[in-house]
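Next come two complexes, and both contain chain A; in the first it sits with chain B, in the second with chain C.
What follows is the complex of A and B.
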């Protein structure tokens, strides 16, 4: 039961809204919690026990942290809690990856020892709820929030059904209060939530699922393609991933909105970014913020980095010291980011790719500033912005190509073939002219909305302030666009949510 | 209260829009089968058949349309049959295919190829499929939502068939030997499938249509465990059942020549043999009329003649 499927949209959500509204306020938390576990169970079956186990464990770690008076013991509890949560995630998600690679290394070293692979079932959304649990423990440790005494409340925070599968990853302080309030349903929330869901469906079903055919045709047979077709496929995958992930997040945010819960945004026009760092402040925002708050900042103020800052300033000067300190803090962030997506070398490469790009940006900054000053370039000039955005697009597209490729080797081969002889034909990749037209128009609509938002010319209130016939025309237009131009039913493949797999 | 009324009005207009669009696509569906995607052709086709002209309606997945030849049935027994099978048809689709067909047809028998009964359709997946098929049935715009492709871009999905039967001449032998090894074990038919079967049987009872189950010869899909399950289930629901996997030799199935994909599906030659056998049973058991001399069926006769020529040519090529 994924968020874009009829069972969720036309059964689960409406029935839940009805039960929630009928239920007395004091039972509504129970209704939402039950819905969360039912939703989780419908996807992962008995693996829901992992979620329940994580919740109970996190709950007691939180209380323990609050009860401890000694800073040393608190640290121990924090470390134990985080390590165990990461341990479960790591074991389920990465055990086979490390077992395989260590076995290979042992084999290469002449040892006959093999670490056997295990059949491990990964609960859906474990990467999302584990990060939320860690953020809760860390925030209790830092005294940003008090420990939650009510187990049910914490269970609801970690098992809030719209967030279970794909995030957004929220901190306790961001969403808990709104979830626990359990306000009665309001028409305003219902309608704005429904519009957001529709917008998400448009992106997912009309554009992303249509692009899937082309992307799969090229990436799964990459050796048959070369030149511009590979670049088009990489661009198509970037667009597919954005439309799908942001579309799904729209459905998630819209669903939560219906219950009066405002979840944090996960995307803010990422393709308007002028550099890679800005891109990551606009793309999968909640993951980026999590790494910033719980990895980057703690590492930045950690003993080794402080020591390096003191030592580096004396020995190497400001420039090298800054670069070194940045590298020390950014490396675990990007290694973690890559690994978070899954146990594959291509994901690790993806993380290291952005680490290298960001480090290059930091290191080249003085030279860049000098060039701009010498040539009297106006950084706000449209042509300069366009140039920067274009450069960022290329960085993103290449990164996503490695991310999607069937392994690191395939990624490297595709990268090389992009500069080789063109081979392949766009019209034989499973899409016809009509599909390309829909994709182009669809992307244009999403792009236009993005531009209007970027310039603060469009927000939810504006839609509400439009005259009823205009507003309804927009709603009907969206519904019919999804219904008629959606890539569903006969002739199309069912496409699972990409990020649910992470 | 005003907001509630507005909400109701919004959905009423939406339903009217869906209804209107469904009417438009229904007109398009009737205007030509080349405008419809392959998997939807059988359901569109049965809607386009002349009212009350079909005596035998065959349902099921690909095992159905590769094992019963409407050409053979017509030529040998004068039986007017239509194949409402679809690749990978699930039981929900079978049910709504039947409901669609019974809107303008009153067949004497509905025949179901049993492979469809082993598509579990349990849990959320089953509920979802039921929901989708219901929406497709009441608002055909969902099923034919791609209608704009042929209309605006001239896209066509050309495919030749005679009343749902296509001539498949490929030969890829099955060499696995005996596959119906006797056992007392039996496979399971899911509750969801049984629920839809009850609905199907109820519908047939209501319309006074006989029901018949058969299993097409297919080493890939059948074994004795399935035979046991089907035999027991057929007895339970009180319908006749023929397992042709146990009668493959008697029918004359030659696994060297009569399968198109190593025992998964029969080809034209295999379908001819199965049809000859089943056609006789149906004719004798259900007293089916011979329509060959019926002037109402002159168009049917004409189409069958053309298709027969092609079928004979292909059969000759297969045996060369």
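What follows is the complex of A and C.
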């Protein structure tokens, strides 16, 4: 089961809504929790025990934290809790990666020792619910929230069915209360949730699944392609990833909305960003917020960074000190971000790529400001904004190319071949003219909606305020677009959700 | 004992072209970015003898001179 599949949309969700509505209020929490575990079980089977185990452990750590009087003991409990949660994630997700690489190093050093690989199964969504569990423990430690005494409430927070596969990663303060409240279904929530789901399906099935064909054809046979076609494929993958991930999040947010739960947004027109730092404030927002709150800031106020700030100010001046402190706080964030996506060198490279880009931005800031001042450039001028957005697109597309490439070596080869002799033909990549037309029109519609949102001309209430015939014309238009232009049938594959694999 | 003026001196040291007293959205409007906050933390700790923990790193505590000052006085009371 996955959020874009008929089993979820036409069976799981409607039946759940029905049971939820007819169940007495006091049983609704049980219905939602059962639905979460059933959803999890339908994908990962008995590995649902990991989620249940994590919930019980997190609950216990939260209460332990509150019971401790001394700060030292609190710190120990926090460290123990975080390390165990990360330990389980690390073991299941990265054991084989490190075993393989250590074995290779030992082999290169002449040692015959090999660390054997293990057959490890990864529970669905472990990377998402583990981060939520850590945020809960840290928030209790920082006294932002009290420890939750009710195990059911914490279980609902960690096992809320729409968030299991791809997030968004929420903090306890953001969603726990609304999920636990179990409000009765309301027509307003049902209709706005359904429209959001429809919008997500449009992005996923009409655009992303079509682009998948082109992307797969080039990335899986990259040796046969060169020049502009590699850049087009990298651009297509960036668009595919956005349409798919944001489309899935639309379905997730729409599903939660039907039950009266408002989940945090994960995207805010990322392609309108004027630099890489802004892009990461608009793309996968909840992951960025998590790293900021639970890695960047704790490292920023740690002893070594504070010591560096004092030492650097005396010895090297403001500029070097700020750059050094930023590097110390950003490095673990981007190493973590890369590794979070999976145990592959290309993901580590992806993280380090953004670390380098952001550091370059910080280092170049004084020079950039000086140039702008000297040349009297109006930073709000359209041409300047367009230039900045274009530059950011190139940074993003190159980053996503390495992210998608079949290994780091393939990524480097593709990057080099982009500047080589053009080879390959767009019409032999599994898509015909009609497909390209649908993709272009689809992207134009999504782009137009993005522009309207960016200019605050479109919000959730606006659709409701439209005249009935106009509103229904939009609904039918979306339904028909998904039904007629959706990429299914002969020649298309059911494409799994990319972020569910993380 | 360092006063609120010391805080203004610290902020002016970051950028003296900003009228810090007038700003009410230092973090929200990105006048003060995360990287400036990192260096600001050490300066505040040295000047006021407080310890600023990660839990304090929220926009509400850094959005204006008054907000920063409120945080400092609150942390001083804890000492």
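As a convention for this text, the second predicted complex is superposed on the first by the 502 of 502 C-alpha atoms of A that agree within 3 Å, B and C clash if a C-alpha of one lies under 4 Å from a C-alpha of the other, contacts with A are read in each partner's own complex, and residues count from 1 in each chain.
Methods note: contacts are C-beta pairs under 8 Å (C-beta built on N, C-alpha and C of every residue); 3 or more make two chains touch, one makes a residue touch a chain.
Please read these numbers as outputs of a predicted model, since none were measured by experiment.
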Three-chain arrangement built on chain A, chain B and chain C clash or fit: fit
Partner chain(s) touched by A:5 [first = chain B, second = chain C, both, neither]: first
Which superposed partner A:368 touches (first chain B, second chain C, both, neither): neither
First (chain B), second (chain C), both or neither touched by A:42: first
Touched partner set for A:479, first chain B, second chain C, both or neither: first
Vertex chain A angle, Cα centres of chain C and chain B, expressed to the nearest 10 degrees: 170
First, second, both or neither for A:187, with chain B first and chain C second: first
Partner chain(s) touched by A:75 [first = chain B, second = chain C, both, neither]: neither
Chain B versus chain C - smallest C-alpha distance in the overlay, whole Å: 41
Chain A - residues contacting chain B, complex: 1, 5-7, 10-11, 42, 187, 432-434, 437, 468, 472, 475-476, 479-480, 483-486, 488-491
Chain A-touching residues of chain C, taken from the complex the two chains share: 13, 34-39, 41-43, 45-46, 52-55, 57
Chain C partner contacts - residues on chain A that touch it in the complex: 142-144, 292-293, 296-298, 300-301, 305-306, 309-310, 313, 318, 321-322, 325-326, 329, 362
Complex contact set, residues of chain B against chain A: 3, 6-7, 10, 13-14, 17-18, 21, 37-40, 123-124, 127-128, 131-132, 135-136, 141-143, 145-146, 148-149, 152-153, 155
